[in-house]
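Okay, so subunit A shows up in both of these, paired with subunit B first and subunit C after.
Then we have the complex of A and B:
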């Protein structure tokens, strides 16, 4: 298990980059109404045949030669199973790969989002030539971030320069931020507060 | 709210800073960002290097690499100088990254205590 969703995102996106993808589409859906959180990554990388699709879900398989085990995809699958969700993995040789993890939003084991903006910008800096399109959809808002559009603005300045990357991270995180509403836990919050005051 | 128009202004400002630097970088900093590196905390290490190098406008590039095959030593950072000499720092964290940037990149002094050689002893 990884600490937060952004880590899964970064790990799966880096698989796409290593698979030689030139376009990566990332879709993050967070819906209270449907009680669902999902993270989907689609790429046009070199893809995998059926046998390989089976193998990559095994924690003791990796294409890498530097170490013997690869855990990115098995971790992602485990996350879906643990959170009473679904795991989907489809791939075609020379066409690309689609991987999706759906979780039950109110499940105990759903990890926090983590720094999604940071993960996206880090993925972009792994290979600047790769086009990454990110969509965020919740009940209240929609937000998109498209690396092509950003590059047109930046011209010859790299997105990986410190000022630019931290701006982009903040821009993304602002775009996907949800208003916090006091709900079921508000009772807990207020009692915790009064404990503090009395002590 | 931030808008993409702000980004244009920031871009021009960054461009000015970059123009002050000339030619090839003196150092290349490579941060291991495989699954192992990321789960060991490589992200804040990478960000610290990027920020510190920009803050002092040092002549160095910061890039990412995959797993280097020494997962138990992650986060791992390699620093290459112009001649291609490599220093491998292991078990890095943001505080060590700040020190390495200041001493190694800024003053050319290797931080021996954080190197893989010191960790093996």
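Then we have the complex of A and C:
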């Protein structure tokens, strides 16, 4: 488990970049009505065959040889299991990969969002040629961020220039911010609590 | 202290290969956030957690943890036990809380 959702996002998006993707589509859904939070990353990278799809879910697969890397997917999967959600991983060689983690929103173990804007900008700056499209959908609002659109406006200026990147981060974080109408204490995750006690 | 001695003195249930029993213990780390453990634990420590997922064994292998102690009777799947044995990581289970286990470690001079 990682400290927040932005870390999972960055980890999975960097897998896509390492897989040579030129387009990465990220979809972050946070719905109280459906009691669901999900994070989905789709890319058009080199993809994996069936055997590889199994292997990358095994936490021992990469740790032995290369150390330090390779735990992102097993952690992402564990997150889904722990938060009573589901994990999906589909891949086709030379086509790309789709990975999705869905969590029960009111589950106690759902991590905080973290700095999503920062994670997206960090991913963008790993390889500036990669096109990243981000969609955020909640019951209240929808927000999109598209690196291609930003680049068209910027022309020759790099998106990773300090001023531009900090603007992007702030723009994204503002775009996905929800009004704090949540009943923070009253009835706080009570259903998740009782679920746990009975299980 | 060796893993063998730790297991004898605490009386915790243990699954360990011969090689795992011989390992030295240098200290104790407590935490349930795996990425945090990766960032902050040190080799040869005992790691106390309630996370009994297979990923905990992988993190233990990565960080060269001597003993993975699962606190408060958190459920341990057979797959986790098998993998710990295979990786020469000693795996312990206790009904005590992480805090109570820490107290035992202090008593043992760890």
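Rule of thumb we're sticking to: the second predicted complex is superposed on the first by the 177 of 199 C-alpha atoms of A that agree within 3 Å, B and C clash if a C-alpha of one lies under 4 Å from a C-alpha of the other, contacts with A are read in each partner's own complex, and residues count from 1 in each chain.
Just so we're on the same page, a residue touches a chain if its C-beta (ideal position, glycine included) is under 8 Å from a C-beta of that chain, and two chains touch if they have at least 3 such contacts.
What you see is a predicted model; the values in this text were computed from it and never measured.
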Subunit A as common anchor, with subunit B and subunit C clashing or fitting: fit
Partner chain(s) touched by A:60 [first = subunit B, second = subunit C, both, neither]: second
Contacts of A:2 with subunit B and subunit C, given as first, second, both or neither: both
Touching partner for A:78 - first (subunit B), second (subunit C), both, neither: second
Partner chain(s) touched by A:35 [first = subunit B, second = subunit C, both, neither]: neither
Superposition-derived comparison: subunit B or subunit C, residues of subunit A touched: B
Contacts of A:163 with subunit B and subunit C, given as first, second, both or neither: first
Partner chain in contact with A:149 - subunit B first, subunit C second, else both or neither: first
Shortest CA-CA distance in Å separating subunit B from subunit C in the superposed model: 5
Intersection of subunit A interface sets (partners subunit B, subunit C): 2-3, 7, 64, 67, 71, 75
Of all residues in subunit A, those that touch subunit C in their complex: 1-3, 7, 59-60, 63-64, 67-68, 71, 74-75, 78, 81-82
Subunit B-facing residues of subunit A, complex: 2-3, 7, 10-11, 14, 18, 64, 66-67, 70-72, 75, 115, 118-119, 122, 125-126, 149-150, 153-157, 160-168, 170-171, 174
In the complex, subunit B residues that touch subunit A: 1-2, 4, 6-8, 10-11, 13-15, 17-18, 33-36, 38-39, 43, 46-47, 50-51, 53-55, 62-64, 66-69, 71
Residues of subunit C that touch subunit A when the two form their complex: 32-36, 38, 51, 53-55, 57-59, 61-62, 83, 87
